[in-house]
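Both of the next two complexes hold subunit A, though its partner changes from subunit B to subunit C.
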Partner chain A sequence: MIYQGKQKIWSDYQKEIPDDNWYYVRSCIRQNFFPASEKMFTEITRNVLGKDVYETPFHTTCGGIAYHCDTIPQETVMTIVARQFALMTEAGYENYCPSCITSFGNYAEILETWHEFPELEAKIREDLWKACKREFKKPKYLAHSSDLIYHWRNEIADKARYRLVDKETGEPLKIVEHIGCHYAKMFPHKAVGGAEYPYVLAGMVESWGGQVIDYPERRHCCGYGFRQYHVKANRGYSISNTHKKFESMEPYHPDAIITNCPGCPYFLDRWQYVIAEQTGKTYGRGGYGIPVLTYEELAGIVLGYDPWDLGLQLHQVAVEPLLDKIGIEYDPKAKYLGLNKEDLLRPELPTVLKCC
Partner chain B sequence: MKENIVIIGGGIAGMEAAKQLLCLGYNPIIVEQNDHLGGHVSQWHQLFPDMTPAQDLVRRLGEEISEANIFLETTVSYVNKLKDGYNVMLNNGVNIVCRALLIASGFKLFDATKKEEYGYGVYDRVITNSDLEAWFNGKQDPRIPDKPARVGFVHCVGSRDLKAGNSQCSKVCCVTAIKQAIEVKEKFPDAEIYCFYMDLRLFGKKYEDFYINAQRDFGVHFIRGRVSEVGEAIDGRLQVKAEDTLAGKPLKVTLDMLVLMSGMVCNPQATEIARMIHLDMDDDGFLRSRDNVYSIIESNRPGVFYAGACTGTKTVPETVAEARAAALGIDAYLKSL
Partner chain C sequence: MMDFGFSLSKSSTLNLDTADLSLYKKLCELSPDARTCMACGSCSATCTAGPFSGMSVRKVILDLQRGRDVKAMVQGCMLCGKCIMVCPRGINTRNLILNLCKIYDR
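Moving on to the complex of A and B:
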């Protein structure tokens, strides 16, 4: 691998990311999958970095899931998105930051479509006005929330309590970065690092002391793929994609996987349990799986937040081996205590995949 | 005193034109930006379809133009249109006045790093057709393994590719890939060779025979399908994904080395000169001939002639033939004044 070759490509795909004043919209599903990630984003950006990140409870889905499942037409999605932009405009912001990768791709696609077909934008403006008497300005800047953490990665590194290194050996942890398909594959120039060798997560890993693993199936879909999973009959295809990725990354013995998509961490995490049950095979050391983290969770880890406040107990794959390797202090007994310290009871353990 | 004819470019087009102009009694002056004559051919090992050593052609042409004036490592700083000719200013301070100018600036190889999915410049064992020729010529290349078990060739890299900005077919890549596949097989008889192609354009004399030989005598596998992505495995080998459109199935193969058949794009030097004297450019980025059937060596400006790949992708025989035609065209033009 020629690192300088990647650097050259990365230099061709940089995007302007304003340093402050962002209008933030949450994902439909992330809070169900990894409930502390978005909370951690606002916590880090506002309280650690001191940035103005605004959000409103009035925003809705962007329509991206329905669009990519072919259940609603694009004009409907555009009108939903137009309303989102209207909320941003009403709040006085012009930098738009979605938390969801599919939303990011959806917004990028719609803005590009309106650029190419202004008559369609005019029609959507008319439709929005008829529907809810709202008007909007298009965002001046569009960035995914992982773009923002990438942008502030060195500030986070400066404030970090831990580094992504093995506390025993001092060696950098080996991290697989997995990019959501809708981040760069549609519009490479709207992504940090482009589509073939995205740098958005790799940059975070490097800044925080880790080493990025590049493996043959790096670009492959996590297996979610919307209709691969949502159509029940296709779920075998979903897990076979995930299986392919784990088989490909296995020789590198990664310590963790970092992701920037709502679906990817869920499927890469949960399917490890299913693969273990089906094949008897696990991909981490000692019968464990490979922990899969969102970028907010990884940022929270290096910044020293309590792992259970980061929601890491809701992962299928145990994160304790990773925490131990870094040397993070945590209370094992507090893993399944709720916010009010109420005992949430322990989940049933899998038969094959080792968990704590 | 013999009349000056400035030839911009000292590849085989410029050399052959110089040879013919000498025979016709002119004083050809070759301006070549490199430190040697012969252009791309001088870097090549053997030429299809007869496996002619490329150096033999360059050497022979070089001997035949020993009386020509040659400026190596020299570029054209500016060209001025005069009332009845051109004033060519070189970067070495020399000014040449001539009534006829021949542009033979050739082509530039497509920059394979632009096809990011193939990993040239990123993965250790991805090389180009040009790199392979240099290795055939004896240049050490650590990217080429000692005993490759599987080698792949990707056709049409930067050719017939609107996404890469080039719609044109580079014409020679199909047969060059076959030639190189045979040469690799000769060097590594145990290796399996795979050629990934869109369609095979084997129009020239003996090209089809060459293709049949590659399959029958050398066992080269031809797979109709474009490579979608390349990844590097932990041992440095390459995992290549493609679609076999004849079998109707996706295909994944692990290779020890991948050769990208970089296509031809116009030499930026030609674009610069075109800007100076208002020569027309074609949609494909090459210089536009007066017409593409009968006047391919003529430009839209009086006294400016073309030869070789400055007007489009060409084979060596086509280039040589055009150079001869251009020399005769210049002679006829000057006699008509």
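Moving on to the complex of A and C:
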């Protein structure tokens, strides 16, 4: 691909991201999949960067999963979203930041729909008032939490303790960036870099010293696809998509994968175990897999947080080879100790995929 | 091998930098309407031969766009022309298949 062409497209798709005062809403599933990621987002933004990031326990699901599974109509989703906006308005914020990619796509779709069909927005306002006597203002700015980390990537780089380089050779680590489908594929102009060349994760990797890998199936879905995975009979389709991506990236020998979606890191991580059990094949060096990290986890790594406080022990694919390559200090014995230092016991090891 | 209750399909990884698209380009010279296909599958749904021979005009075009050989599939076409009648883009699919046969015969 022509580098100058990419540069031009990236410059066409830059979005305005305010520097402070964000209303943050968590994902339904991320806290189960990679529980430290959202905690790390608030830790980094509030305590490391000193930003005002507010969240409320009254926030609920955005309805995105049910909407994309065709189980609830869009008007219902809109009323749920209207309530979230009402909570933001009541808290005195105007910048809305969802942690989930599907939520981000959902909010973008609803705001765009209300823009095109104001009568629908009026109806939803009425429905919300009837349901819970709330009113709302639409957010001035909508940005995904990865947009914010992208926006502050250089500040993080300035405070970083580690760089994404091989400590032995000094070479940048080869990183695959995987963007959630609902981030840019539905509304490219809402994304940093558009749908073809989203720069949100690539920008982080470059700022933190790594090298982004360009491979043929780079923009292919991770394979989650709600209706593929949630119906067991369709799971072969889900894993086949993931397999296709790994087959495509394998010749480039990536050191890690960074993602910005709730489902992608989970499926790219866990399906490596299933692919290994089904085919006997692993994609990392020496029988290991390719570690899959969320952008908060990667930010936490470069900032020098303890890998076990980042929840990296909850990944299926062992992260130790990556940590060793960067030269990160960690205590292997503390891997399965809880926050209260209580032993969490050891998981059963896979038969093919090598784990530490 | 562990049984998970679902299985893996063969990887259909595509590298457009290395795929040989010469066959598709030749076809587009003879049947430019091939470029207007939106892969809706109406042609395949109405195909009489498809269930027996594996012929699918939609798959033929998609495979050509991915640099794959389609000779075996094309040989399963009976040239009945039902697919022309249902194509929402008005592609002359029978002519497209005939042109493809000519390219293979050369």
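The working rule: the second predicted complex is superposed on the first by the 355 of 356 C-alpha atoms of A that agree within 3 Å, B and C clash if a C-alpha of one lies under 4 Å from a C-alpha of the other, contacts with A are read in each partner's own complex, and residues count from 1 in each chain.
Simple rule for what comes next: a contact is a pair of C-beta atoms (placed from the backbone, for glycine too) under 8 Å apart; a residue touches a chain by one contact, two chains touch by 3 or more.
All of these numbers come straight from a predicted model, not from anything done at the bench.
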Both complexes share subunit A, so when I overlay them there, do subunit B and subunit C fit or clash?
clash
First (subunit B), second (subunit C), both or neither: which does A:232 touch?
second
Check whether A:252 is in contact with subunit B, with subunit C, with both or with neither, and answer first, second, both or neither.
first
Going by the contact rule set out at the top, does A:194 touch subunit B (first), subunit C (second), both, or neither?
first
If you stack the two complexes on chain A, which partner ends up touching A:214: first (subunit B), second (subunit C), both, or neither?
first
Who does A:155 touch here: subunit B (first), subunit C (second), both, or neither?
neither
In the overlaid three-chain picture, which partner chain does A:306 touch, first (subunit B) or second (subunit C), both, or neither?
neither
Among 221-229, 275-283, 293-301 or 329-337 on subunit B, the segment whose C-alpha atoms clash with subunit C after superposition:
221-229
Determine where on subunit A the residues touched by subunit B overlap those touched by subunit C, and list them.
216-217
Okay, in this complex, where on subunit C does subunit A touch?
1-2, 4-9, 11-17
Touching subunit C in the complex, subunit A uses residues 216-217, 232-237, 239-240, 243-244, 247-248, 274-275, 277-280, 351
Mind listing the subunit B positions that touch subunit A in their complex?
113, 116-117, 119, 121-124, 229, 231-234, 239
In the complex, subunit A residues that touch subunit B:
1-2, 5-6, 8-9, 194-197, 214-219, 251-252
